[in-house]
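The following pair of complexes shares a single chain, chain A, combined with chain B in the former and chain C in the latter.
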Partner chain A sequence: MLAKTIEPGVTPPAQPPLQVVSPPRATPEAIEALQRSKPEKLHGWAAFLAVVASPSPLMRWTRRLLAIALGILWWHLAVKYQLNVIVKFDNVSSPAEVWASFVKQLNGKIFYRHLFVSLQRIAIAYCFAVSIGIPLGLLMGRSRIINDFVMPYVEILRPIPAVAWIPLAILMWPTEESSILYITFLGALFPIILNTVAGVQQTPEVLVRAARSLGARQGQIFRHVVLPAALPSIATGLSVGMGVAWFSLLAGEIISGQYGIGYFTWTAYHLIKYPDIIVGMLSIGFLGTASTFAVTLATKPFLRWQARAR
Partner chain B sequence: MHMLGAPFRKAVPVSAPSSLSTWREARDGRIEINNVGIAFGPEGRRHIAVSPTSIEIPPGQFVCILGPSGCGKSTLLNAVAGYVKPTVGQVLVDGTPVDAPGPDRGMVFQQYSLFPWKTVRENVAFGPRILGRYDPSPEATADTLLEMVGLAKFANRYPAELSGGMQQRVGIARALANYPRVLLMDEPFGALDSQTRHVMQENLLKIWAEFRITVLFVTHDIDEAVFLGDRVLVMSASPGTIIADITIDLPRPREPELAVDERFMALRRLCHETIRQESMKAFEQQNT
Partner chain C sequence: MSKTSLALTLAALLAGSALARAETIEIGIGHQSTVTNTVPGGVILEKLKLLEKHLPKSGKYAGAEYKLVYQDYTSGPPITNQMLAGKLAFGVMGDYPLIVNGANFQKSGKNQSRLIMITGYNLKGTGNAIVVPVGSSVYSVEQLAGKQLSTPIGSAAWGMALKVLRDKGIYDKVEMLGQSPPVGVTNIAQNKIDAHADFCPWSEVMEFRGTGRKIFDGSEAGIPTFHGTVVTKDFSDKYPEIVQAYVNATMEAQAWIEKDPVEAATKVSEWTGIEKEVLYLYFSKGGISTFEGSMKAQWVEALKYDHGLLAKEKEIPPLDFDKWVDASFVKAGFKAAGKDYDAIVKTVVTNKPDDTSLPAAEVWFAEGGIKTYGSIKEATAAVKEAAKAGKKVNATYVYDKATGLKLFSNVAFFVEAEGKLSAFMKKGDADAFAAKAKGKLVSWGDITA
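What follows is the complex of A and B.
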């Protein structure tokens, strides 16, 4: 039946000859000249712009430092001329005063104690958040049941700012120190959980299927497929968590405690040591950035494959 | 669960190095699809993906399942792979019912499915490594297979550094690293440009000539099916039925010149007509 639909071999009608021409080729000299040609040179304004916008690391760092220098200059002028447009600068210390205060603090002992206590709190609370957040996030990402039981708590507790936790934390925890640690811990916990869950859920299904057909069991799929697939997202959660840990810590330290950089900043206000307010603030900014950078650096070796992909 | 069946048997390339050839015990890989029917969806609104089908594939045969998208060919393949459980009937591989994916049935996917965080060598060695006890040196096995697909030089690269065609070759090497009895391929060259696809087809036939394992190859490309297969199962979405079982009696090894061979063209035409008649019928039914 089907075979009938094939026509028997009929000789096709004579075809006109096929038309092919070879376009003229470039000479080897012409190709070599093209090879040796120089990239277009820019002149005047365009050349200046090209340097300013250059993507080289040196230029990028120059631009960053310039931005900071301009900011300090603006701050200096705003204080010097007592700028008073909506925000008042009459009570703001000048960059020079802040610098002098900073140098004075560096020469004392107590400032280091404040820094150390804050860093210690961050380290302890963050370690707890990581060691609870990642496993919990992994479980939630893999199990719908666990997710349904835990996610409502995450969603409801997450928007509560650290400051709002302070009264209850003080009532709940035996010492002031432990309540500060608890608040810091909570701040870091939620971003870590949520990013871990998202990372697990983004695991491409085809990779899980491939692993299964290669003979992998559940535990092996988890270790070789789900965990590495979630790592980029976990790394994001870890840096975001570090940032949130810092401002949760500061909220805790401002309300209570005897040491800590947040305490230092707040007492500077009470003791009318205005330059120290800014010294405290900038220390927080610097430590926060440095610790987030440290987290990024620590996760980098696990993400080498991603860097290679680009 | 018996993932491997007992005893674990490996089909090893005929010209394999001595370390591998000692594993070779039998060349089997018989697939029996016994009255397999697959339906999805809630009661009352069941969608039939594959209507009850019986097919037997003898060991070492290269079988292509040809059909338009949505005809159920991938679903049928997934039933053999063990990802989809048949609603009725069962799939047997060498007499053992399939109830889950396993290393006796290597799988190559259409989408790139290499583990991006593992190097090419680690990807290929993954199967032997997790099955540990059977392979004393997964890395050596991986290198042997990479040599075979012509990618030995890229062993230390990450998948994202490779072109699409190269990634699929690694995918084939990875599926073969467990020395499966059956190789299941779900439109593996579907995402490649046509020049690359032709090269890949020839490369696949060369590899297959060495392994001689059973291959079940899903495609919607008529030329591909006829060029590769010993046999083409034409499938149609009416619903999910194999409407023709065409023997491709073209000699091997097959070369690209086959494309102008009269027998090749006749077989290609036969496949084309078979599909066309079926879709015309479906088209007319829709309009009445």
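What follows is the complex of A and C.
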């Protein structure tokens, strides 16, 4: 809201920007002076820039779309003129080629199956990661003993990339599907655990002591003080976890397959079909963004108390 | 040579030699050390430093420094990717990936690739095979109906699997999955997939390790399988002498394998980790592969067939074979070695049943090396004796009576009839022979116990 008041074009003349200083007496001369000081109507570039910089949601979306359009234009030109400055574009597919193969995929049935299978895997693996990661993180955050026993595993296993897990995942799990789910699950799990632990540990000790001195029991403190304090951090963990789950999924889907967007991309690589590779990459990007957004939306109600507190 | 072209050549030589003084020429070679048919074009060159021996050092190359970059991959497509990116000049890969390479280069409309030689072949297609877990109850392709078959998509094994499933009319009934060799081999060992189709030498590796059993050999599909080398046209136009050096060096590597297969198998095994017993199955006389570089009519025919399949199934772009296949280097290589290319290109080595020029069996003793036997009976006696003396036997090789294919004895089916032992790769053939000759089916375990 503050941003709006300093915007010259939209400041109502009767309301001075800051009310801290006592306003001058509203003599007719003063009003006239104020009116004269009102900025002139903007023309040309200045007007354009004012519109571009406008904070309205519509403008923000316009800017985002514009950014993507500019990116695609740049990509198109880079391919067209075969840009070769450090990075080479001479064999990269053009946006038009990628679009053509995208449309072709959309017209077939199999592409939807690839997307559906991947979304399903994400949903299952993510649910497991959430239902294990959050409770474990809460316990680790509150209990030093549990933390000492679990944290070494988290720290050692966390940096291992999903692809490195492939051979063992095949050996250990009974089916291909469970190997893929396991790799995806691991990707999501660690960010959720770590952010939950961090959230719990960030709970202001003052609040805990205050609650205790008011006679709250351990369970009540946990429910009414620690959990709400940890929620923002948990929400962050859930978003990050969703993102990591998607790129682990790609590694998992290399193992086997038939279906899945990661498998689709990998097969396209093996047949050197660059447009399809890019279709696969962008599909992963869009699905990843959409599901992270869904997570953000889903966690919003839990963070409402925080908005009120501000 | 006309006057102008002579003048141009001289000018180029002069300009070249002036440039060459400070020039470092990078030669990037993408190869697949674990894929047996490609080893002469990659890992052997690297380890025996054969390319260094043949690289030009005079004329425009006087004073030139060479930087050799060998990159090892487990399949062909990543090599094509590197070549398209301009990072590798040479790529050694199997028939199907070669086509994907040529077609994609041609589609790019810019740099092109050229198929310059063959590194190793099998006329009938052995090397590719369909394998089931060793304890499986599946003994033929027909029994795969309603089951899962995995294979590296876009590989020669995939092409073979497609053809055989179509031929047998069970294409719709088999669920086909994409799995790379390491994944498929693990799944067979873990009994997690019904069948896996793979290229050389994975089927034999699984047999040797005792985890898998062949139910279909590539030879039954009747399409040759081979590996070869592609080079980018930019590179071969700029440095034809280096391409020639590569071809000559690869021919030397091929001769090295033929001269002493045991030594070659032992060395390549040390370099790549593939069991030497498996490599010997490929390298030896009467073995699976022949390592000879000429560009035979059969190879071009097979490539055209493969391209048709790829175009139909996976929409691979068109390929102008007349431009893409360039036998000039390999011709010059044979000529330089004092061999008659025209005669060699028309001959092809292949296995035939009951080949009397080959011993009936070979036993590789851990100490003492390989000994040959005139009959399987004699070999079993030797193996029994070794067991009694506590001596280790690495492997025993026999030949399939139906096709003449060289096999590991531990996966063969044997028929005992009229006091003689005959070996078979497939149970069906063994059963038929046993019925005809009134013999009985026995296993290697039975006859060496």
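Quick notes on this one:
FYI, the second predicted complex is superposed on the first by the 255 of 310 C-alpha atoms of A that agree within 3 Å, B and C clash if a C-alpha of one lies under 4 Å from a C-alpha of the other, contacts with A are read in each partner's own complex, and residues count from 1 in each chain.
Convention: a contact is a pair of C-beta atoms (placed from the backbone, for glycine too) under 8 Å apart; a residue touches a chain by one contact, two chains touch by 3 or more.
Treat the numbers as computed from the prediction; the structure is a model and nothing was measured.
By the document's definition of touching, of the two partners only chain C reaches A:Leu271; chain B does not. Using the contact criterion defined above for the overlaid structures, shared-chain residue A:Thr296 touches neither chain B nor chain C, since it reaches no partner. Legend: residue contacts after superposition of the two complexes on their common chain; A:Gly215 is shown touching chain B, with no touch to chain C. In the superposed model, A:Thr175 lies in contact with chain C only, and not with chain B. In the superposed model, A:Lys88 lies in contact with chain C only, and not with chain B. In the superposed pair of complexes, A:Val225 makes contact with chain B only, with no contact to chain C. Within the superposed three-chain model, A:Leu207 lies in touch with chain B and out of touch with chain C [touch as defined at top]. Across the superposed pair, chain B and chain C touch chain A at no common residue. Residue ranges of chain A in contact with chain B, taken from their complex: 2-3, 5-6, 9, 204, 206-207, 209-217, 220, 224-225, 228-229, 231, 305-306, 308-310. Chain C makes touch with chain A in their complex at residues 75, 77-78, 80-81, 84-86, 100-101, 104, 108, 110, 150, 152-154, 175-180, 182-183, 186-187, 190, 192, 310, 314-316.
On the side of chain B, the complex with chain A involves touching residues 3-4, 81-83, 100-103, 105-107, 109, 111, 113-118, 126-127, 130-131, 157-158, 160-161, 174-175, 177-178, 184, 244, 262, 266, 269-270, 273-274, 277. On the side of chain A, the complex with chain C involves touching residues 88, 90-91, 166-167, 170-171, 174-176, 254-258, 263, 266-267, 269-273.
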